[in-house]
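The structures come next, written out as structure tokens.
Below, chain A partners chain B and then partners chain C, in two separate complexes.
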Partner chain A sequence: MVGNYGYAGVWVLVGIGFVLFTFFFARLIRPQRPNPNKLKNYECGEFPFSDSQLQFNVRYYIFALIFVIFDVEVVFLFPWAVVFKSLGLFAFVEMLIFIAILLFGLAYAWKKGALKWV
Partner chain B sequence: METGIFYILAAIILTSALMVVSLRNIFHSALMLILCFFAVAGLYITLDADFLAAVQVLIYVGAVTILMIFAVMVTHQLTGTTMRQVNEQPIPAALIIIVLFILLAIAITQTGFEVIGKFPLMPTVAAIGTALMTVYVLPFEIVSLVLLVALIGAIIIARRD
Partner chain C sequence: MDILSLSLIVAKVVVIFAGLMLMVAYMTLFERRIVAFIQGRKGPNRVGPQGLLQPLADALKLLSKEDVTPAGANKIIFNLAPVITFVPALLTIAVVPVADNLILFGREISMVISDINIGILFILAIASLGVYGIILGGWSSNSKYPLLGSLRSSAQMVSYEVALGLALVGLLMVSGSFSLSEIVHQQSSILEWNIIKQPLGFVLFAICALAESNRIPFDLPEAEAELVGGYNTEFSGIKFAMFFMAEYANIIASSAVITTLYFGGWQGPILPPIVWFLIKVVFFLFGFVWVRATLPRFRYDQLMRFGWLVLLPLALLNILITGIVLVL
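Up next, the complex of A and B:
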């Protein structure tokens, strides 16, 4: 089991090493000329008009919450889909009930306008 | 081999967890939490629970910490500020932690942890699916109710502002 994921572990190490090596090597060969303009936020050639760490709209948070809930639902769909054929109609009805209950929540979110960007 | 991997992962988990509670920038704390959850996924792989490891990455690394980072980004006072990471009541906290530590130490040393002579189930996903659809039908359907309550509660709390 660990052996199967050994390759993944090797690639994690290669990824970390790649980033470290690139930063270190770039530091070795680049010229060092500090300048306050280089520390400004980059806005595609425009003059930056605010700090990069500004406050985001709270609506993003509602979308993230709804995303997490349906993400958890998908986790339960995976094992069901794997054994779906061997278990037959009973499992199918169970999953229909599972999704129907969550669809009620989606309908509620829709009706309350949580899916709308105002 | 497996013991060595376990110690490396445990060191990563403990270090990143300590940094979560000690770093002064809360955004950096959230990033350290991602590293902590990722190492926990590695721990699941050493326990032959590959589906659980995938779920750990998908839900905790991919969704829960992103939700926390969103919460930091939409909160005006938190973004980019540094704060004291020290509790206002160190003495009661220390007492409770010492009691909890002693209780956990007793529980861990008293437990036998017998090794059963079974090989781990190999495609774990099919076994989990069968168990969910036959033995654990009721908990499975209750999960959807819990998710529904979470969804409605989130909408009600978020829309009150």
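Up next, the complex of A and C:
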């Protein structure tokens, strides 16, 4: 099993090697003639104004919070799902209750308007 | 480990890598030809017979183009972003079995690079890495359109990743294994394909796979009609090519994963396994292109509402139905 992760590592190395080689090769054959106008940002032909890494309104931070909750739920579901066949009815009902609580949370968030475009 | 097994592994990696790169190159031509066909055009047909050398010409052109880094960009992240996008896109393929075990030189060789027993978890983990390259690329350009593109990309990831994971839970309940080789072995005849057992799960997974690979109708991070080029607006030359190849590698990986999980992977009669695998993968590649040529783009808020209020409840419903069927 450790060997298998090693092979995945070899695969990553081959991928990175390919990228590095391509970058290096491109560097050899491409022209390099920068000038100030060329290095400006693209803003549809207008002169770019102000810095772009500014504060902006992230309109979906509630989504992001709910995402974290549900992602953790998925992580809980995976081991349960794999052994599901040997667990039987009791575990199924238990997991239904767990999901129902989270669904209730989602419905509450929806009702409160958290899932609307803020 | 002796020399022979080591060289066999290296050979396997090299062959699959070369095949993947070839598919990525020809996927561009395939897509352009199919879209042209659907729109009643001819598409590229001048370079070589039927345009077959077009990918080579494109590659040469992109290699020899000047590489412009905008003056305000964060140089290190700007250079790193294409790599961060490209490598995870390749990585998914590592756990997909492309053919049955092969007997060569008196030993059994599994035709998968990394036959780990948690393949599905691996795929999910890697799929969520791809978004970093896009976010970093858009942000580090220090330009407005790329920034908007990367913001949308993260919003999309937040909305679709959960549904992607939940869509797979139903499959896991049926198969009882994380290992892709194991899942392929379970689907030995067409009646045992997981698509029969998990039709809703397949539809959900396919939609989420479209969203994860940023394809139309979920190509909001790129959205060439409104955001110029989205996250890759400021990238040129070989870095742009990297983003482009990552996108196509993602499509191929998605098709390969869909084939493996729901359509019996390399299983099939008469023809050799690798041929069956390729036939199925190309079928889904065609599906991706067909969707691109047919559907318009989602609006941003529609996209998020669809993810949270349609896909997520449907995925949970799928788990419920699967559970009831399995328990009874």
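Observations on the model:
Please note the rule applied: the second predicted complex is superposed on the first by the 103 of 118 C-alpha atoms of A that agree within 3 Å, B and C clash if a C-alpha of one lies under 4 Å from a C-alpha of the other, contacts with A are read in each partner's own complex, and residues count from 1 in each chain.
Criterion: a residue touches a chain if its C-beta (ideal position, glycine included) is under 8 Å from a C-beta of that chain, and two chains touch if they have at least 3 such contacts.
Since the structure is predicted, the reported quantities are computational estimates derived from the model, not experimental observations.
In the superposition on chain A, contact is made by A:Leu39 with chain C only, not with chain B.
Within the superposed three-chain model, A:Val82 lies in touch with chain B and with chain C [touch as defined at top].
Looking at the shared chain after the overlay, A:Lys112 reaches chain B, while chain C stays out of its contact range. Contact with chain B, but none with chain C, is seen for A:Phe98 once the two complexes are overlaid on the shared chain.
In the superposition on chain A, contact is made by A:Pro31 with chain C only, not with chain B.
Measured by the number of chain A residues touched, the leading partner among chain B and chain C is C. In the superposition on chain A, the residues of chain A contacted by chain B and by chain C overlap at 1, 5, 51, 53, 56, 58, 60, 64, 66-67, 71, 73, 78, 81-84, 99, 106. For chain C in complex with chain A, the residues that touch the partner chain are 1, 9-10, 13-14, 17, 21, 63-72, 82-83, 86-87, 90-91, 93-95, 113-117, 121-122, 139, 141-145, 147, 151, 155, 158-159, 161-162, 165-166, 169-170, 172-173, 176-178, 228, 233-234, 237-238, 241-242, 301, 304-305, 308-309, 312-313, 316, 319-320, 323, 326-327. Chain contact summary for the complex, chain A toward chain B: residues 1-2, 5, 9, 51, 53-58, 60-62, 64-69, 71-73, 75-76, 78-84, 86-87, 90-91, 94, 97-99, 101-102, 104-106, 108-109, 112, 114. Across the complex, chain C is touched by residues 1, 3-5, 7-8, 10-12, 14-16, 18-19, 22-23, 25-27, 29-34, 36, 38-44, 48, 51-53, 56, 58, 60, 63-64, 66-67, 70-71, 73-74, 77-78, 81-85, 88-89, 92, 95-96, 99, 103, 106, 110, 115, 117 of chain A.
Listed in rising order, the residues of chain B touching chain A in the complex are 1-2, 5, 42, 45-46, 48, 50-51, 55, 58-59, 62-64, 66-67, 70-71, 73-76, 79-80, 120, 123, 125-126, 128-130, 132-134, 137, 140-141, 143-145, 147-148, 150-152, 154-155, 158-159, 161.
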